[in-house]
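Below, chain A partners chain B and then partners chain C, in two separate complexes.
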Partner chain A sequence: MDDLLNVSNISISFTQYVQGLNQHVLKVISDLSLSVKEGEVVAILGSSGSGKSLLAHAILGILPENGNCEGDIVFKGEVLSQERKEQLRGKEICLIPQSVNFLDPLMKVGEQAIGDVPKEEREEAFKKQRDVFSKYGLSEEVDDLYPFELSGGMARKVLLSTALLSNPELVVADEPTPGLDSQSVKETIKDIKQMAQDGKGVLLITHEIDVALKTADRIAIFYSGYVIEINKTENFNDVNNLLHPYTKSLIEALPRNGFKLTEGVQPLDDVDGCPYFENCPIRDDFCKNNIPSLIEHDGVMIRCHKYNGEVE
Partner chain B sequence: MKFLGYKAVRLFILLVAVAAVSFLMIELSPIDPVKSYAAEMGASVQQMAALRSYWQVDVPTYQKLLDWLFDLLQLNLGVSLIYRIPVVNVILDKFTASAILMITSWAISGVFGFVLGIVAGAKEGSWIDKIIKGYCYLLQSSPAFWIGLIIMMIFSVYLRWFPTGLAVPVGTLASEVTFFDWLYRLILPAFTLSIVGIASIALYTRDRLVNILNSDYFLFARARGESHWSIIKRHGIRNVLLPAITLQFMSFSELFGGAVLVEQIFSYPGIGQATVAAGLRSDVPLLLAIVLISTVFVFVGNTIADVLYKYVDPRMRGEDDE
Partner chain C sequence: MYLNANNISFAYKKNKPILKNISISIPDNKVIGLMGDSGSGKSTLCKVITGYIENYTGTVTLDREVINNKGYHPAQLIFQHPEKTMNPKWKMHKVLEESWNPPQELMDTFGLKDNWLGRWPNELSGGELQRFSILRALNPNTKFIIADEISTMLDAVTQVQIWDALLDYCKHNKIGILAVSHDKELLDVIADDIILFDDINKL
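Moving on, here comes the complex of A and B:
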């Protein structure tokens, strides 16, 4: 099956002015590659505030003006230009935002969900919106509520509905679960899986390991701006099937896996070598000055010099 | 309704306080009402003494204050020393003239300021934004009377399009003044007040819109494929309009202050000119009445702003009364 979305070697950086006219380039995402197939959920798992959302913004072409994006984003075999992104967004590629703050506080949600449509199409648009809303169990009164009147669970359903109104092929869900009660999280996971079963590709951006494990088919681990490993979700059940030392320590740190904590933090500045060098238990001198590239092995991607093609 | 009742009680208390304080201030000032009344007639010492006792100048202050407040309750504001007619009539006459001037320029500056603010905000950083911003900063930092003088120099003195002052042509009876005569003389003062008022509302609108353009819901609307101008129209204006209108109502006090100066420059016979005259010529009853009417005016502006928020903004609507 062909890839629905193929992101290859994306780097995103920001140009900032510090102390007058000194330009400073802040690199947020480095050399990121991943793919999403139809009917597949791919999760990007990384710590909060690490810039994962920017990947979503890059795919939709809504990076701020001082953001630079290098690399190719290929959707259905076509390299996306900014103009093409503007045509596709909201139609074939849709975003599920993280919170109710992404809705206009002064507009009723029904009105907001249909978006800006010409007068003669409004009736039809409202009908469709009603259908999608009722599919998610939102009653008719909800159409006339303002965002601040929605409960957390309702808001999440409204946000999911807005993405589905145009029947997109690719859904980018940017942290759809933070701050939700466990019941709502469960429902979100179910709804996202349902989208994939309906044939849509889903790119799930999250910092919650459990959500990624329960929802995704494949998980990309995001570390200090780099994707260091993309593995199948079932391999996360057994630490020995994981390839990168960081992924292993991440999974071992889960309470149910023994709560084994490792020292160290992610480097904030650009490093010359492997981003995990400082904390890596199996590093050697070569790792210090050479950035490993993301290589594929048997459908699994790994970024590590020490990986020799075998699972331990 | 409870909200409005509460506001009415507050207005009443405010008026009593303002009336009492301004009365005491006048009382403590060196103005002698009898002297200023009789100065123009050349009264004798006996006549002055008669006047003093007739007006009860020598009764204790608290007694005077109570009498004043009591008269006030009956809407008896006394007789103006300058115009020699009941103060209520003076106020009605002058205030109507001023209200038309203020409301006209208020509406014009509101509409234009809002439009300029939206354009500048939507095109943030562009040359048009810079021009509008520059214009607003310039106006914001220039005093109203100075702008008035410049406008008068250009349009009345050099171009001779408009008269240099007075609300009606010289030598015409008040009853013969046509609506157009009057309108013709309204243009320059209204224009001055308008362009001064534009600056604050335009800068405010621009700032709010720029904030909205950086908001999450703007980003999401963009991600959903709405175009820039469509978002401005659907989400921008919706979120800026209410606070902008509120600000415009809150600006009643500045409007009043601006009107005093502008009326003076253009010799427009409104409440502003009456204020200056009353102050300079010690017309105590008129001055006190103007203080009260301006209090009501500003209070009404602020109350309208409050009410708008309370009943129009859905986020405030459901909340309990204070």
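Moving on, here comes the complex of A and C:
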């Protein structure tokens, strides 16, 4: 099957002013490659601040002005330019954004869900919007509420149903579940699976491992702007099937797997070598000054010198 | 010492009541978990207990004494979104100093790096900011911590680090914790008792 979305060697950086006119380039995502097929759910799992959301913003072409994105984003075999992204977004590619702050605070949610449509189509658009909203348990009163009147869970449902209104082919879901109770999380999981069954590609960005495990076909682990491992979901049920030490500690830190403490935080500044060097239990002097590249090892993509033969 | 909320009722203007006759008691040597659906009013209750909302009925007491809402509140609230609780025009050292100057070893337990102190809030990630907002709340005058979904937005590794440090500090300093979350697995690990919000909210 062809890839619906193919992201190859993307790097995202920001130009910042430090003092006066001195500029500083801050690299947030480095050398990222990833693909999503039709009917497939790919989850991106990573620590907070590792740059997951920026990938979503790069695909949609909504990076802030001082952000630079290098590398190719290919959608259905076509390299996307900024103009093309603007044409596609909201139609074939949709974003379920991370927070209620993405809603217009001065517009009722029903109005902003249908967006700007000609007068004669408004009624039909409202009807469609009502259908989707009720599917997600949003009653008619909700249409007339302003975003600040919504609870966290309701806001999330509004964002989800708004994204699905235009029946997109690729859905980029940026943290669709935090702040939801378990019932709503289950519904969201069901919805994501349903989207995949309908043949849509879903790129799910999350830090909730459970959601990723229940929905995704493949899971990519993000650390400090690098994808360090892309593994099949079933391998995550057994720590021994995982390759990267950070992936292992992530799974072992789950409450049900022992709540195991791993020290260390990810580096804030660019490092010369492996991003996990400082906290890695199996590190070697070689890792300090050499960035490993993402290679395939037994069908798993892994970024670690232990597996590319550089280090014993 | 106990932190008690007695018969708390509250409604946002004109709307139907969201809290009704809620009573809850938190001992200073325990972690009480509070579970409930989104939109059920858990956060509102937290705000009432910590003095952010004033026009409620009922009382919030420390043992038997009603808490004076002027001056330092003995129960400190830690929010879900740390970035919304910090002045974006203050560097991190000033954010922290507004409350107190924690000793270096406490900074180390919470994994705060010295060079973070010179950064602006927007230059740190959610996990890093949450470490600051927890440490800020651990002022020596704090007797209780109300943790409103403090680790929902964090990855599993950071979640363990933060709870490990917080539980350890509170145990040694006799600080009681009300941990609000809808993650049952998390509460099973960290809490001594779990209360279901719907059981105490008599709507």
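Keep this in mind: the second predicted complex is superposed on the first by the 303 of 312 C-alpha atoms of A that agree within 3 Å, B and C clash if a C-alpha of one lies under 4 Å from a C-alpha of the other, contacts with A are read in each partner's own complex, and residues count from 1 in each chain.
The definition used in the following text is that a residue touches a chain if its C-beta (ideal position, glycine included) is under 8 Å from a C-beta of that chain, and two chains touch if they have at least 3 such contacts.
Small disclaimer: the values here were computed from a predicted structure and weren't measured.
Chemist: According to the stated criteria, A:Thr233 is in contact with first (chain B), second (chain C), both, or neither; which is it?
Modeler: Touch partners of A:Thr233: none, neither chain B nor chain C.
Chemist: Applying the touch criterion given at the start, work out whether A:Thr162 contacts chain B, chain C, both or neither, answering first, second, both or neither.
Modeler: It touches chain B, and chain C stays clear.
Chemist: After the superposition on A, what does A:Ser8 contact: first (chain B), second (chain C), both or neither?
Modeler: Once the two structures are laid over each other on A, A:Ser8 reaches no partner at all.
Chemist: Check whether A:Leu60 is in contact with chain B, with chain C, with both or with neither, and answer first, second, both or neither.
Modeler: first
Chemist: Could you look at A:Lys260 and tell me whether it touches chain B, chain C, both or neither (first, second, both, neither)?
Modeler: second
Chemist: Which partner does A:Asn241 reach: the first (chain B), the second (chain C), both, or neither?
Modeler: Neither chain B nor chain C is touched by A:Asn241.
Chemist: Which partner, chain B or chain C, touches the larger number of chain A residues?
Modeler: C
Chemist: So in the superposed three-chain picture, is A:Asp104 touching just chain B, just chain C, both, or none of them (first/second/both/neither)?
Modeler: After superposition on chain A, A:Asp104 lies in contact with chain B alone.
Chemist: Classify the contacts of A:Asp116 with the two partner chains as first (chain B alone), second (chain C alone), both, or neither.
Modeler: first
Chemist: Applying the touch criterion given at the start, work out whether A:Glu86 contacts chain B, chain C, both or neither, answering first, second, both or neither.
Modeler: A:Glu86 contacts chain B only, not chain C.
Chemist: With touch defined as at the start, can you tell me which chain B residues reach chain A in the complex?
Modeler: Going through chain B, the ones touching chain A are 215-217, 219-227, 230, 234-235, 238-239, 242, 313-315.
Chemist: Taking the touch rule as given, give the residues of chain A at its contact with chain C in the complex, in rising order.
Modeler: 45-50, 151-154, 175, 178-184, 207, 209, 246, 249-251, 253-256, 259-265, 268
Chemist: Flag every residue of chain A that touches chain B in the complex, lowest number first.
Modeler: That would be residues 57, 60, 62, 86-87, 89-91, 94-95, 97, 99, 101-107, 115-116, 146, 148, 162 of chain A.
Chemist: Which chain C residues qualify as touching chain A in the complex?
Modeler: 36-39, 80, 111, 113, 116, 124-128, 149, 152-161, 163-164, 182-186, 188-189
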